[in-house]
Structure formats: structure tokens, C-alpha cells
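In the two complexes below, subunit A is the common chain; its partner is subunit B in one and subunit C in the other.
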Partner chain A sequence: MAAADSPSAALRRRDLCSRGIRLAGKMRSDVVDLLDTYVERQGLDASASVAAVEGVPAAAVERWDEQTGTQRLLENLAAYRAFRVLLSQMLEEHREQLGEADAALGRAMASVLLQVSAFAYHLEELLRLESRGPPSEEGAPPPPAPHLGLFERKLRGLGVLRELAQWAVRSARDLRQLTKPSPGSSSVPSRAESP
Partner chain B sequence: DNHIQYERVGADVTMKCGSMDWDAAVTWTANGTDIDESHLNGSYLILKNVDLTHSGQYSCYEGSSWHLKYQTYLGVGTPPKEPVLMCRSNNYPKGFYCSWHLPTPTYIPNFFNISVIHGMREMVCEKDIFPKNRCHIKYLQLFSTVKYKVTLTVTNALGKNSTTLTFDEFAIVKPDPPESVVAKPVPNNPRRLEVSWQNPSSWPDPESFPLKFFLRYRPLILDQWQHVELSDGTSHTITDAYAGKEYIIQVAAKDNDIGTWSDWSVAVHATPWTEEPKHLTTEAQVTETTSASTSSFMPPPTTKICDKGAVVGSGAVAVCWTAGLVLAAYGVLFI
Partner chain C sequence: MFSGWNWVAHGLYLLLNFCSLEVSGGLVQSCGHIIPESPVLALGSNFTALCILNESCLDFGNIYANQIIWKIKNRVVPKEQYREINRTVSSVTFNDTSSLATPLTCNILADGQIEQNIYGIAVTIGLPPEKPKNLSCIVHQVLKLTYPMTCTWNPGRHTFLDTHFRLKYRWPQENFPDCIPKDVNNSCTIPDVQFFVNLEVWVEAANALGKAESDPLVLDPIEIVKPLPPHNLSVNSGILPTVLKLAWENRISGALMKLKFNIRYRTIGDTNWMQVPPEDTASPRTSFSVQGLRPYTEYVFSIRCMKEDGVGYWSDWSEEKTGVTTEDKPSKGPPIWRIIDASRSPAFWTVHLMWKALEPFEANGIILQYEVTVRAKSSPSSPPEKYDVNTTNLTLKLPNGTYEVTLIARNRVGASPPSVLLIPATNSKAPVKNVRTLPKDGKLWVGWTAPNSYVLKYVIEWCLVSNSSDCIIEWQNEPGNVQGTYLKGDIKPFKCYLITVYSLYADGQGSGQSVKAYLQQDRPSKGPTVQTKKVGKAEAVLTWNHLTVDEQNGFIRSYTIFYKTVDGNETAVTVDPSKTEYTLSSLTSDTLYTVRMMAYTDEGGRSGPDFTFTTQKFGKGEIEAIVVPVCLAFLLIVLLGVLFCFNKRDLIKKHIWPIVPDPSKSNIAQWSPQVPAKHNFSSKDQMYPEGSFTDVSVVEIEADDKKSFSEQDLKPFDLLKKEKSTSEGHSSGIGGSSCMSSPRQSVSDSDEGETAQNTSSTVQYSTVVLNGYRDQTPVQVFSRSESTQPLLDSEERSEDHSGGADSTSQRQQYFKQNGGQDETNTDRPCFERTKQITPTNEGDLVGFAQLQISGQSSQLLGLGLQKNTQEAALPDVLQTSIEGQTVRPETVEGNPPSVDEMPKSYLPQTVRQGGYMPQ
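This part shows the complex of A and B:
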């Protein structure tokens, strides 16, 4: 593994960040389209307020500009791993509920799920470059989908997609921060600094 | 004591001369001018169906001594209509501002109170000294899905009114227009114009929050604009300008990911480079050069105009031309 501050590592990081930014942009665009379709197909009100949904990582953050590069990567990775599980659950519920009746919605969800997985992989690669390595996913299995009525499940799905759309914007910003040289130090902490 | 009272347009107003009895002999003045006795009922001053011209300083004097017994300022006006409120972030991600005004004047003093709620949290809106009808809020969180709720209440002596705006963090992001737009001809290139501009100075961090730009240009002789969307950089070379024609050019900006386009920048004018006209030659030179006469013809490209809807926000650079106009061939003639 290349040292975190070697030229090749820096190039690789820059390349991963650039591709990650483009992926986040595409992902956001697709999530916004999926949101429109989801709201329409599920008979929801697009302006409905959804309370914070348990288990859905909130993109909202205070003092965003003060975060370190490692914090950004770790928070992003935790979020997209959670979204991977949530979207898989949504897809499963959709198939159980509608079967092939709404294949287009199912395909759109599957496409977004794929992009979420790809983005999580990008983040894992960036963390590996920092010689930190991504946290392991082994251990406790993902929490099962809560037992909710049909309407509650639809609202939960709305909350998941809205939060994912926010994360896609935040992720692009986070990756741009990673490509910025911070004064006096690299934008991502070196091995000595990481926890 | 000097009093102040506010009354609605159209109201009937009765002014009592302080503690004077009804049958006391008094004189009323309005802005120093005596008021005719026909407006008096005893010592009371009666103003019927007041309008804005009735606003002013009213004074009551005891009949014989001319002692000032009572004074009041009368302000005739209206209760406030629903105010117009606007909120915008032109300095994302630092914060946003809200500004307001009344659709019609009340002609009497108004007081404005604004509250900003984000989820369970009430935020402080710091009022500007100038203009008075604006305040700023700093973002405490970014990337929140929780909406902001801004309520403006306007109150005056005759009533109150309010309005509420609810919006997402991203929806109100609208940069100021690009600054320092410059357009220059390109030497020896009769169809090019080089355009450059700067990020709006109010946008705090263009490196982390890059802007994309929309450029529009047209020759003054035509009404239809050409459009180019640019995802990075603060310059562009127009390569399809009509030779010799003066152009008007404007640029707008938008955050790469969120919000809406800015207003158009200040317009700049430029004309592509043109060749200097050749001087008249002597007969001897003409004999030598007659066979070298040339004409220069530059047919326009023949692509179609794009629909505006297809161009705006397309995310790709697109330049479209009309096929309707055909430039006349021009020749460089010399004797």
C-alpha cells in the first residue's frame, strides 16, 4: 500500500475524488428522479413532512467546514453502508408488495442501490489510501426492517430517499474538500494523526 | 404634553381640548393655521371622513388667554396589508438573508418582527442597519432536510398582518451575478470574441462550492440570444460571431449542484476584430496586382436554433445557430 503522502497515492486520491464527485452528481440526479416517481406511484404528497426516520443517517451536520478528511470519509461510508441496507429492504418490500406490477420503480431503485454500493466502494478505497482502512462490516447483522404498516413504510421510504438526496450533495462537497490542500497539512490526516 | 394619535383613512375623528369643558371658548389650529369654527362642536374638534391631508399637528388654545391647552400629532393611515417576504442565500454555505416590504404604504410608522424556526430551534435573524427591511441568518447546520419557517409580522397602530415562508436549505440558494464581465475581440479572428468574468464577490468559497455559468450573446441587430452553459472556468471564446457586428453579452451563475440561476450580469458590448481597409494604390501598383483581386465570402454555419428549454440546465455545452439568415457575400474590391 502506497504511503499516504506519496505522489502516486496523491494522484490516486485525486482521481478517486474526481470520479466520486461525478458519481455523487449522477447519483443525486437519479435519486431526485426516483423521488418524483416514488411519490407519484406511492400516492404521497411531495411536500409532506417526514419526521426523522430511525436508522436513516441524517446528512445534516454542524460545523461541516471544521471536519477533518478522515471524519468526512468515515461519516460518508457509514451513511452509504446504511443506505445500501435500507434500499435493499425497500426493494424487497416493493417486490413483495407489487411484484412485477411496477417494474420501472423497481428498476430505478435497483439502479440507485447499485450507485450507492459503488460509492461506498469508492469511499473504502479512499480510506485504504489513507492507510487507515475502512471499518469492518463484519459483526452484527444489519437491523431488520421495522414492522410498519403500508403507509408508514411508504413514508419511511420517502424519508430514506430524501436523506439520500441530501447525502449525495454533501458527499460531492466532502470530496471537493478532500482535494483542497489545507494550509500547513494534507487535507486528510496522516497515519500518525488518525485515531 | 404632545400626544400622537393614529386614525384610519375614512374615520371620523373627535379631538378633545385636554381638560377644557365642552362649552369653553377655544381655538384649534392645524399646522399653525386656524381651523374654521364649523369644524367645532363646543370645544371639540370634529374631523369627518379623514384623509391623508388631515395628517399634521393639531393644537388647542384657550379662547381669551391663548394658552396652549392641548397638542397632538394626527397621523392618518391604514392598517398594514400582508407583507411581501423574500429569503435568499447568495453566500452559501454561510447563511441567508430575508428582506421584506409592504405592497402598499400605510403612511404611519410600522414595526416588523421576524422569526426563523428550523425544526425545534429558533434562530436569530440579525437586522441590517441599511437597508432596514433586511436581516441575516447564519446556517448552524448544512445539508438538512428539515425546512426553515420564516414568519414576518408587521404591526402599526391600526392593525397587524403577517406572512410565512417555508423552504428547504437548497431551494433559496441563488448567487449574485458574475462580476467584471469583459468581452474583447481576438486579433486576426473576425468571428471570435473572448469573454471573461469573475465569481461574484459575495460567494464565499467557490473552490468548495463551485459555480457553473450560463452565457448569452446576440448581435444588436437581432433579437434572439445564443446560449452556452459552462460547467467550469470563468472564460469562454465565442467562435461564431457575425463579422463586424456589435454584440451584447451577459453571464449568469448557479451553484453546481443546488439552487437557481442568478440574475444576468451587467451587459457588455464588443465587436469582433475586423481587417483594416486597404489603401488606394497607384496605377503602377494596380497593373501589377490586378490579377490578384480577391473576394472574401464567409457563409454562416447552417445549424438550427436550440429550444430554450433544451438549453437551460442541460449540463452540456451547446451552441445552436439559426439557418434563417444568410450573410451576403462581401468582396474586397480594389482598383
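This part shows the complex of A and C:
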């Protein structure tokens, strides 16, 4: 907290939040574009219903406004770490499937993956400013890639991108919430402490 | 033994050669090698190389390290740089690698004579890379979702080595693959970057001599974005005639970047852009309404964008789009002016109304027509006359009076405010003063001093003054609060403009004040043609014509007259430009002068053609002063001569035309006994009355020694002849003898010249022509006698006696004038005159014979007889002449004897010794 109290830390936090918000916004924009491309290239129906992706925390949450800042950061970090793993798996599967045939889709997925990584970095930096430090990724091992069929993998990828888009919206709101003065934010116990 | 060693040495040589082949071909082991192998050295550093000989080679030929020679290319390295480390190793050291070159070879002297290469290395010299500087990056948006980042840097000095640059970047938690430049060493482009995360960027340069890294650049790529400009720009006119609405599309996501904009616009044909205030477009948007535009005007718009907070780069300007505002009613009335022509009729004016079309920004649309209203101020009750005109002028014929002309321009939206002009202008109002001009920036500025009273507006009239065209008036209006303006029109340089400024008031007008001006002056296009009007002895009046206004090209400031003689210096005289005549003075008389003339403007002068003239030799009146007196003197002399001649006319007459005696009156004519009946003296006397003869006979006598006897000397003979002519009793014997031979001839020979006939038969008489004188019919013509027959025997004797031989050498001519005796002496006795003969008494000459006689002899001659004395007779003659002064001849005038009684000697003379004795 001492670091958070210093003017430079506050500026750093404000900067991280600000850019995190814009990154989330761009990530959402790009994911939405990627979703359209993905549906088109994978031959899927945009209105297809997809089950919740395993290993990804749901963006929707009850009593969202009652969450503390750290709690928000930890939930976001967990989600984006999961997305990073999932998107990496999708990118690998895409390369295996199409090679360099659909490079544009692969570049778009790689770009989103980078943004997810960047956003996770933002979250980790914010958590450091909160004097909490980011939780170790080892505490949240990536879910093993299920052995799915090709179509199922496509649907799963569609589910991942949809959930990512929703998380991008939620993350922007979370960070905006963090920029507001919230005296009780640090009193909320962090989920990161309990693996 | 010796041959055996020799054989060994030869074998060693072959071995060394073989070893060399191994070095070059790598087939066999070398006898040594150099350490280090192919080094890369920093320029300017020191370097040491070792040449290590193989032990195997030592055994063959006693080769040791002290025999090693180092070479750079073919140049031997000085031995001071060698160092024998041991028997197989030699080193060479270079303090500065700049002296190195490739190859560096290790050589050995075999047998102390033969140099053989052992090994060689290639040396590479260069520099380590410098730290790259000035690293900067920019993210260009090339597509909606593609943001490559290009970084540039300064690679530093040339290293002479293969140096690799790498652009490295990373996130704090993630590294990215390096960006390796292609074909360049100072920039690299990362294909896609992610925003909102700080990116650390740096450049690494590396070559064989080292590695260097630039300072890292930490940035969020979103801060260095140069976005694509907005596209699909559209311009739409709004309801208001001064507003256009712009709309566009942004090509960068609002989630990524919030934008601000710049909007610029200009009218068609204008090159200068105007810009919407940036604060009005500092927020994200996709449309904007531009206000404050001119109605019915076509505008060009363009837009650009950048990150809202100003961090980053402006995009390029978008494509240009045009839009036209809607029409509005004209904002002002057209400027109007008039030309009043009162010359055609005293009661009516021809008024040329003219106005200027409104500028587009004033017309605010298409002017459909003009409405002109003319209202007579003198009769307000009369209705105004209205004219609808489509052109910009109107000619009216109005009775003399005061009128108010109102002009309105009308377009589709409405009418302009009226323009009012009073006709005629009563020039009683205060005019402007001090009208002046000034060329400025290629235009002609006109300034004036405003009157004290309030001026509604000014009208500036101008026209080009030219000989070849009329003065076509152009004009312009200026508001009343200005005191100068530029002429709006095509003002040409080198042309003269007449500019007039009028001050217009609400109720009248001031008189126009004019000035002439040039936008730009030049030298005159030609010089004045000078010629002389009058040339004198020392002065010449030159005259010339002014240059025409088209030739002047500027204000003629002065004339300069240059004149010179053929070999003299040129003299210049400056003349006032208003003059057309000048008098050159102090010229040299009778000299050829060349004169030319230059006209000067402010920009220089030009000379006219040369003109030559010659000054006169005499001044005015000099010739008259000489000629007139000369003429007068001549006339006076002539007059005096005439008067003298007139006064002495008789003397001259007698002198020039001596009296030739009329032979018909001679006594011998009457005396001839053979034809007495025929001799009709009376009839002859009637025919030739005495004194009526004026015919002149000239007797010339040529003699060796000429001497004219004075008339005094001849007077006695005249008297004698007269007496003989008038008295028949005095007949000459000679005449008688003459008549005896031939009456007619006797007439001729009976003259006093019969003495000549007596002299010799060869005497030739001159032709005596008796022309009619004073309307008298000539009686006879006497031709030269060709007769050689003596007239008389006595005469022949006489001639013989008197020495008539002289007639062969002399020729005598006689001129006779009958009746020419001096009247004053007619009464005088002949003898008395004879006494008075003196050679000097010429003034008393009354004789009619002119006598020339040779010698100094003076001889008494009777009846005009001229006798040429011969040499033999000369003493007698001299004696006679000496004594002749006192000779008093005996006269016979007392009683003239009859013919029969006439003695042969008709002239009694007192003869002394040797004297002439007439028979």
C-alpha cells in the first residue's frame, strides 16, 4: 500500500487503468471483428449457441458493484490467463488445420492473443501496485486441451471469442471502477490468496 | 662429400617448394603457420602475429625462427618489429593496424639466399559499431486494423566491416522476435504492434569487433500513431446560404483512439486555405457544419485527424470535396458612374450611365437584371422613369436638369440595396487635393487629401493616354473614409494614364482633380528629331517636335543637345523639356556640325538621329556690307566714266573715229581732164555735202618703229586737206595724175593717201568701205588696189626720189573721215597750226589722221601723206624734223590757182639741206 500511496504509484495506477480501459475497448472491438471473421471462415452460424467454455470464469457476475478492486483485478487476471491459454491453443489448432492458408485469421487471432497478454500484464502491474503481487500462474494450471472433434473445436473457439468479448466489456468497467476512489477496496479479501 | 651435401640441400629446396604447394593447395602439411589466423582488427590498434615453424621442417634444412622474414604483401616488414621467441617462433608487432594490409606472410631464407613463403594470413581491419542514436518510431495506420511501426535511427560511422543491426522490442513480460532491416541499416518496420502496453524498443548493432546498443525507447505505440485520414467526405449545403455541412467516416476505431480534426476550406480559384477553428473540431465526430461562408460560392473542403490528446501525428489531409452555398440577395448596389455629353445639344444631355457588375461575393447569386430609376429633382411631382437593363450601361437623353439615378441589382433571391447617383454633378463642392500616384507592388496607387467636409465616396477615373486610341475611361468607386487606393484594372507599364479623382457628396460633387502617372517608366522609344531652323555664322537655331506620348514611355524630364564638329569634342546642352527650339551659339563659322538630341525620362534617355549642318562663312550683313559698297563704287565709277565720256564725247569720237575725207570731194575728181563733162562736182557735192560725212576710215600703219604723231602734228595737213577739198583750185598733182589714169580709181587714190601709191607699186591699201552712215547710202566701195602701175610718171619719179622703197617693208592703212575737221580750227590757217606742232601738245590735236611712222623722224606731210623714209633719206628727215620746228611752210591759201595752174608741188615747203622737195 505504501507504493500505492506515493504520487508516482498513483500516477502509474491511473495510467495503467486508463490504458487498460482502452486496451479492453480495442480488444473488444478486435474480438468482435475476429468473431465475424472466425464465423465466416470456420463456416459457423453466428447465432449458434455455444456452451460455456470450461476453465474460463464467467464474465457475468452478481453483485458486481460490491466487488473490491483487488477482487476485480484477480478475477480479470484469472480470466485473461485462461484466455491466453485458450487462444494459444486455438492459434495452434488453426495453424495445424490451415497452415498459412488463412493467414489473416491467424494474424487476427495472434493480435487478440497479444492483447490478452498485454491486458494480463496490466492487471499484474495493477496488482503489484496494490502491494499484492500477481498470483502465480502455477496456482491456476491451464486446463488440458480436450480431445475434441474439428467442429467441436470450432464451436469451442467461437465460445472463447464470445466470452472474451464479454470479458473485454467487463474489464473496462472494472478498471473504470478502479479509477474511482474506493476506500474499502483493499479490505476486500483477495481470491488470489486462496488458490 | 661436397656433392652429397649439395644433393641434400637440393632436396631440401624441393621439399620447401613442396611444402609451399601444400600451403597454397592444402595438400600437404605446411612448415609453419601464423597465429592468429585471419584476424579482424580494430583500426588503430596494435597487433602481434606469431609464425610458428613445424619441428619437422627444422630437421630437414636447419630452418629456425631467426631466419623468418615477415612481409605485408610484397613489402618486407622492418626487422625491428620482429622478435624471436624461440627457435621455432617469431613474432611481429604492429603498433598501428592502419599500416597493415593483406596478406601478411611469414617467409624464410633457405640457405641464407632463397626466400620461401611459409604461411600467410588475411587481415581484416575495421571499426566496432557505434551506439545507434536518435531512435524514433512511428505507427502508420495502413488499414483499419493494421498498424505497422517503423523505427529509424542513426547507425553511426562506417565500420568497414559487415555490421548487423537489429531492432529489438519487448513487453515487460514478453519478448518479441527482432526486426531485422532489409537492405538498409537505419530503419526497420514491425508489421503489427499492440497498443496500450508500453513497448521497449532499442537497436543493436554488431560486427566482428563488437556490439553496441542504442538507448531503449519505451513507449505505448498508441502514442505515435499516424492515423489514416477520414474518408468519404461529403459536403452538403444547408438551409442558410452561409453554411455547408460536412460528413465523413473515420478509419480508426473509436475504441482504439479518440480523434480530433482539422477542417480547411477555400473558394474555388483561391490557393489559400482557411481553417475551421481547431477548438471547434477537437472532439471525436463524423460531421461538422462550417459557417460564415459566402452565399453562392463554391468551396473546397479537406479534413485530417489525430489522437484527441494531441499525442501522435496528424494524418494526411483527406481528399478534397467541393460544395456550393445557396444564393442570397445581393449585398450591395452596383457602383455607378456617368459620362455626360453636353456637346450635341445645348438643351439636352446625353448621359451614359455605366455601372460595374457586382463581384460574386457581392452578387450572392446570378444577377438577373438591373433596375435603373431616373428621377428629376427639379420636378419632384413628375413620376420617375424606370428602366430594366440586362447590361451594365444605359444611355439616356435628358433635358438639362438635375436627376437622381437609382440602380438596383436583382437575383433570384432578392434585390440589392440601391446605388444613388446625382446628375449632373454640381462641381461646386470641395474637391480633393494633392492627388498623387505611386507605383507599388506592380500596381498603381492613387492617393489624395480628403476635403474637410464629409465625403460619401470617391470616384477615380482613369484612361490610357495614347495617340493611337481614344481615352477610354475606366473608373472605380472608393468609400469616403479612404484617401488612397490601387487602381483596379490592367495598368500597363510605360503607358501614360490620366487619373482624375472626384469627391462625391450626398448633395453634389467636387470637381475632378487630375494627375498623369506611369506605372513604370522606361527610356523613350526614340529620340527627338532635331533640325535647324536657321543657321548663321556662329549660331544655329535648332528646332524639334515633342515626342508623342506613345514614344515617351515616361515623363520627359529634360532634353540634351549634343553637337560637335567633325574632329571636335562633343558638347552637351541640357534643355528644358517644354521647349521645342534652342539656339546654339559660339559656333565656328563655315564648319560642319553634327547635332543630335536625347530625351530623358527617369529611366534614361534615347538619342534621336544625327543632323548635320554647316555654319555660314559670313555673318548676317557681312556680304551686304561688302557687296553694296563695291557695287556703289562701281556704279559711281561707271557713272563718272559715262559723264566723262559724255563730256568728252567729241574728243573720243574724233579719236576713235577719225574723219575720212570723201574722195568724191577731192579736187582730183573734178580735175580729171579726161572726163570733165562727167565730173559733176556739184552733184557730188550734193551727194556728199561737206560736214555730213561721219563715216570713219581707220588707217593703220605698221612700222618697225612706231610712233604716233600727235594730232597737233597733223593739224596742218588737215587744214591743207580741207582747203584742198573745199577749194578746187588746190588740186593735188598726185590726185590729178591719179585721176588721169582712172577717174574712179583716182577718186580712191586722190585721197591724201596717194602718197602711199607713190611710194611703191607694192603698197597695198586697206579696204575702205564706205558704209552708210547716218542713213546715208554708201557711195563707193574701195578695195585694195592691186595695181602695180604707177599712177604718174612724175609720181614714180617722186617716189623714186623720195625713197619709196620703204613701202616694201611697211604697210599703211588710212582711216579717213570726211568732214571731220575740228570746227574750231577750220578758220585757222593751216600754216599757223603747222608752226604749233609740238609732240606734247596732244590736247590740241584736231587732226584727223593718225600716223605711225618709223624712226624718230618727223616729216612734213601734205594732205595726210605718210611717207616712210628710207635709211638713205634718214639724215634729211632728221634734219627736217629738227628744223621743222621752225619751218613755216608757205601757204597757198591766198589765191588758190586753177587746176591748170596748179603746180605739181601742191604743198610749198621750206626745204633746207636735204629737205623734201615736192615736185
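The working rule: the second predicted complex is superposed on the first by the 176 of 195 C-alpha atoms of A that agree within 3 Å, B and C clash if a C-alpha of one lies under 4 Å from a C-alpha of the other, contacts with A are read in each partner's own complex, and residues count from 1 in each chain.
Simple rule for what comes next: a contact is a pair of C-beta atoms (placed from the backbone, for glycine too) under 8 Å apart; a residue touches a chain by one contact, two chains touch by 3 or more.
All values derive from a computational prediction rather than experimental measurement.
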Which superposed partner A:R173 touches (first subunit B, second subunit C, both, neither): first
Which of subunit B and subunit C A:E75 touches, first, second, both or neither: neither
Touching partner for A:R162 - first (subunit B), second (subunit C), both, neither: first
First (subunit B), second (subunit C), both or neither touched by A:E130: neither
Contacts of A:H122 with subunit B and subunit C, given as first, second, both or neither: second
First, second, both or neither for A:W64, with subunit B first and subunit C second: first
Contacts of A:R22 with subunit B and subunit C, given as first, second, both or neither: second
Partner chain(s) touched by A:L114 [first = subunit B, second = subunit C, both, neither]: second
On subunit A, positions contacted by subunit B and by subunit C: 25, 28
Footprint of subunit C on subunit A - complex, ascending: 19-20, 22-23, 25-26, 28-30, 33, 107-108, 111, 114-115, 117-118, 121-122, 124-125
Interfacial residue positions of subunit B with respect to subunit A in the complex: 93, 140-147, 170, 207-210, 256-258
Residue numbers on subunit A that touch subunit B, as the complex places them: 25, 28, 49-50, 58-62, 64-65, 162-163, 166-167, 169-170, 172-173, 176-177, 180
Footprint of subunit A on subunit C - complex, ascending: 145, 171-174, 192, 194-197, 220, 222, 253, 255-256
